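First chain A sits with chain B, and in the next complex the same chain sits with chain C.
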Partner chain A sequence: MIKIDINKKLHGVAGEMVLQVDLEINQGDFVALTGQSGSGKTTLLRILAGLEEAEGTLKVGNEIWQDKETYLKSQLRRIGFVFQEYALFPNMSVEQNLLYVEKDKELCRHLLDITDLSKLKNRLPYTLSGGQKQRVSLCRAMMNRPKLLLMDEPLSALDPAMRTKLQNEILTLHREFKTTTIMVSHDPSEIYRLSNRVVVLHHGAITKDGIAKEVLLQTNGSQKFSFEGELLDIIKVDVIFVAIVSIGQQLVEIVVSEQEKQNLQIGQVVRVGTKAFSPVIRG
Partner chain B sequence: MLEILSHLEFEPFWLSFKLAGITTLILFVLSVPLAWWLSQTKSKSKPIVEALTALPIVLPPSVLGFYILVALSHNSPIGVFFDETFGIKLVFNFTGLVIASCFYSLPFMVQPLQSGFESINKNMLEASYIAGKSKIQTIIKVALPNIKPALLTAIIVTFAHTVGEFGVVLMVGGSIPGETKVASVAIYEFVEVMDYKAAHVYSAIMLIISFVVLLSVYIFNGKMKKVGI
Partner chain C sequence: MIEAKVIKIENCDSLHIVKFDFEGQALSMMSLELDSSVEVGTKVLLQVKPSHVAIGKNISGELSYSNQLESQIVSINAGKLLCSIKVQIAKDTILESIITNSSLERMELQDGDKVIALIKASEISIAKVL
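Moving on, here comes the complex of A and B:
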């Protein structure tokens, strides 16, 4: 059980705000931390890692990481941290990056096997692709068998295919080591696949907390589908109007009435929803 | 030409390089912690320390030499203390030159190291702390190996700058053959007695050595950029 009860004044882009988080996390949980940028997600992660100070208490199992009297340094917390930009040691090979944390050759070999990196173990980081680097970084974070694994948008710099591959590897590692994990992410599909709990931060405070399906599902009431997209254009076709909306990587056409058209502006973020119909899913 | 070379005294060169070598070694040991502190601190005293460190760049060597002379002479408390306790005289000998050179070349060691340390990705250092490593371990195993170009620049420039030192050496050391008469002072004396031939040879040797040293620094740094260090 991890008990977090901290607060810290932040000077963000939107002026001053207070990061106030009171959270209990169960052993072995995979928590996704999401919310707009500047809401304090990264700061919370850094406070947990002992890289930034805050007021309050942190307790992991029976160990006190922080309270009025004690403050445990990063070095003594036994955590794993995966940074968005990898932060590998450029002077060390893949294997050396892992062994630097702990001279456990057995675990090192095992982790490299799971993540398909064994062949690259003697390579220097600058010769690796982004996805490979982040896999090394993930393995490195597991080398001290951490009590808590923290990941700060670990996959956001990667392309979609690589993301899926890494999600699978994160999942495999999580199943095997059962490390309590907190991951900052913006990607709903990633959050859905990996986490068993989602915490949404807004302006330094928790606004939603639950399982991914409840927190992330955007449809409400009788809506079956609801997507957010950008309105690119509205074209007049005979007597009707067709709106071109960009959703994800696709463009779709939606028929709008003249009255609806009045309320829409090109470039606006719109929500496209539909009720009561039976869609077909093809693989 | 060969005849001149065969009559040439190499002692001033040897002395210059010995002085530069010892100074560089001492400064490296002292400057790594100082540069690290400067690169990481948020203390308000940082600009004061930075200004003090950079002083030898702007001060005339004669001013620096004068103060060092006053501070270390056998009339000063420091001079008296060293003379009575250890029996060491601090001016007009090689020891005095080393001390003076350490002041004179300090910024050339500290500044490249500091900017090297500042250029390191902060997350990389944090990754090392999280891995349970102390600051000293992090400096030795992560920070220093990843600022090789800055490290090389600091060491070479400090060495070269000490070899090229003249004013401070003359003030603090004078020109005692085999003790304080380094190459730059020797050239000055050749010119004074109008022995231009010897002055030419000495100067050419200094010029060639300096050029080759700097050239190798730039070639090395160019190569390191390619491997992402």
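Moving on, here comes the complex of A and C:
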């Protein structure tokens, strides 16, 4: 069990705010931390890692990392940290990067094995692709058998195919080592695939906490298929109207009747929804 | 919108069939997860797309439509290919149906006709919990 009860004043883009987090995380949980930028996600990770100070207490199992009397230095907390940028030592080979953390050759071999990196162990980081570098970072973070693995948008710089591959490797590692993990992510598919709990931070405070399907499902009344978009135009066709709405990177058309049209104004933000029974899906 | 009261909820895992009372007529809705605020006795506003409302006249035989509302046509607005028909399903509730003109002509629908508004249970949704 990890007990977090911290607060810290932050000077964000939107002015002053208080990061106030009271959270208990079970051993082995995979927690996705999400929310708008500037909501305090990265700061929370840094506080957990001991890279930034805050008021309050942190307890990991029976170990106190922080309370009124104690402040455990970052190096003494058994933490693995994976950043968006890879932060590898450029003058060390893949293997040396891992062994620098802990001289455990067997673990090093095993980690490189399951992430398919064994053949690259003597290469220097600059010769690797982004995906390979991030796999090395991930293995390196596991070398001290961390009690807590922290990942700050680890896959956001990668292309979609590489993301999926690394998500699978993160899952494999998590299943094998059962490391309690907190990962900052904005990607719903990533959160759904990896996490068993999602915590949403908004302006420094937890606003939602639950499983991915509950927290991230966009609903509209009882409708489960719902998107937010901007109403661009309404075109009359015969006795009906066609509303043009921009959703994400694309335009969609929705047929509306005269009655439905009455509450709509061009330019407004609208929610487009239908029942989960209606959409047709094709692979 | 149809204001109705929940009278029964059946479920199988995340799938639900919710039955409503609307002015003495029974309605039924298929749904996946239900909001926790929806329980027997809850009043809700139900919605349906006008293009999902069919019209029946002098129906004989059985239809699979779970929702068959006795109603009366109050207006018909015919276009070139489609028409919008408004039917009164209760004193203060009007439902709109968009059907093809050819159906309108084939059925010889007229203002004041007694008809049945037909809606599949999978096409009704809760717009708002009251």
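Everything below uses one rule, namely that the second predicted complex is superposed on the first by the 229 of 283 C-alpha atoms of A that agree within 3 Å, B and C clash if a C-alpha of one lies under 4 Å from a C-alpha of the other, contacts with A are read in each partner's own complex, and residues count from 1 in each chain.
Assume contacts are C-beta pairs under 8 Å (C-beta built on N, C-alpha and C of every residue); 3 or more make two chains touch, one makes a residue touch a chain.
Just so we're clear, the structure is a prediction, and the values are computed from it rather than from any experiment.
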Q: Examine A:140 and indicate which partner it touches, taking first as chain B and second as chain C; both and neither are also allowed.
A: first
Q | Chain touching more of chain A, residue-wise (chain B, chain C) | A | B
Q: Quick one: classify A:100 as touching chain B (first), chain C (second), both or neither.
A: first
Q.
With both complexes superposed on chain A, which partner does A:233 reach: first (chain B), second (chain C), both or neither?
A. neither
Q: Figure out whether A:257 sits in contact with chain B (first) or chain C (second), or with both, or with neither.
A: second
Q. Where does A:24 make contact in the superposed view: on chain B (first), on chain C (second), on both, or on neither?
A. neither
Q: Go through the superposed model and pick first if A:275 touches only chain B, second if only chain C, both, or neither.
A: second
(Q) Quick check on the complex: what are the chain A residues that touch chain C? (A) 217, 219, 221-224, 238-240, 255, 257-260, 273, 275-278
Q) In their complex, what parts of chain B are in touch with chain A? A) 121, 123-124, 126-134, 141-142, 145-146, 227-229
Q: Spell out the part of chain A that touches chain B in their complex, as residue ranges.
A: 49-51, 73-81, 83, 85, 87-91, 100-102, 124-126, 140, 143-144
Q. So in the complex, which bits of chain C are touching chain A?
A. 29-35, 38, 47, 50-51, 77-84, 96, 98, 122-123, 125-128
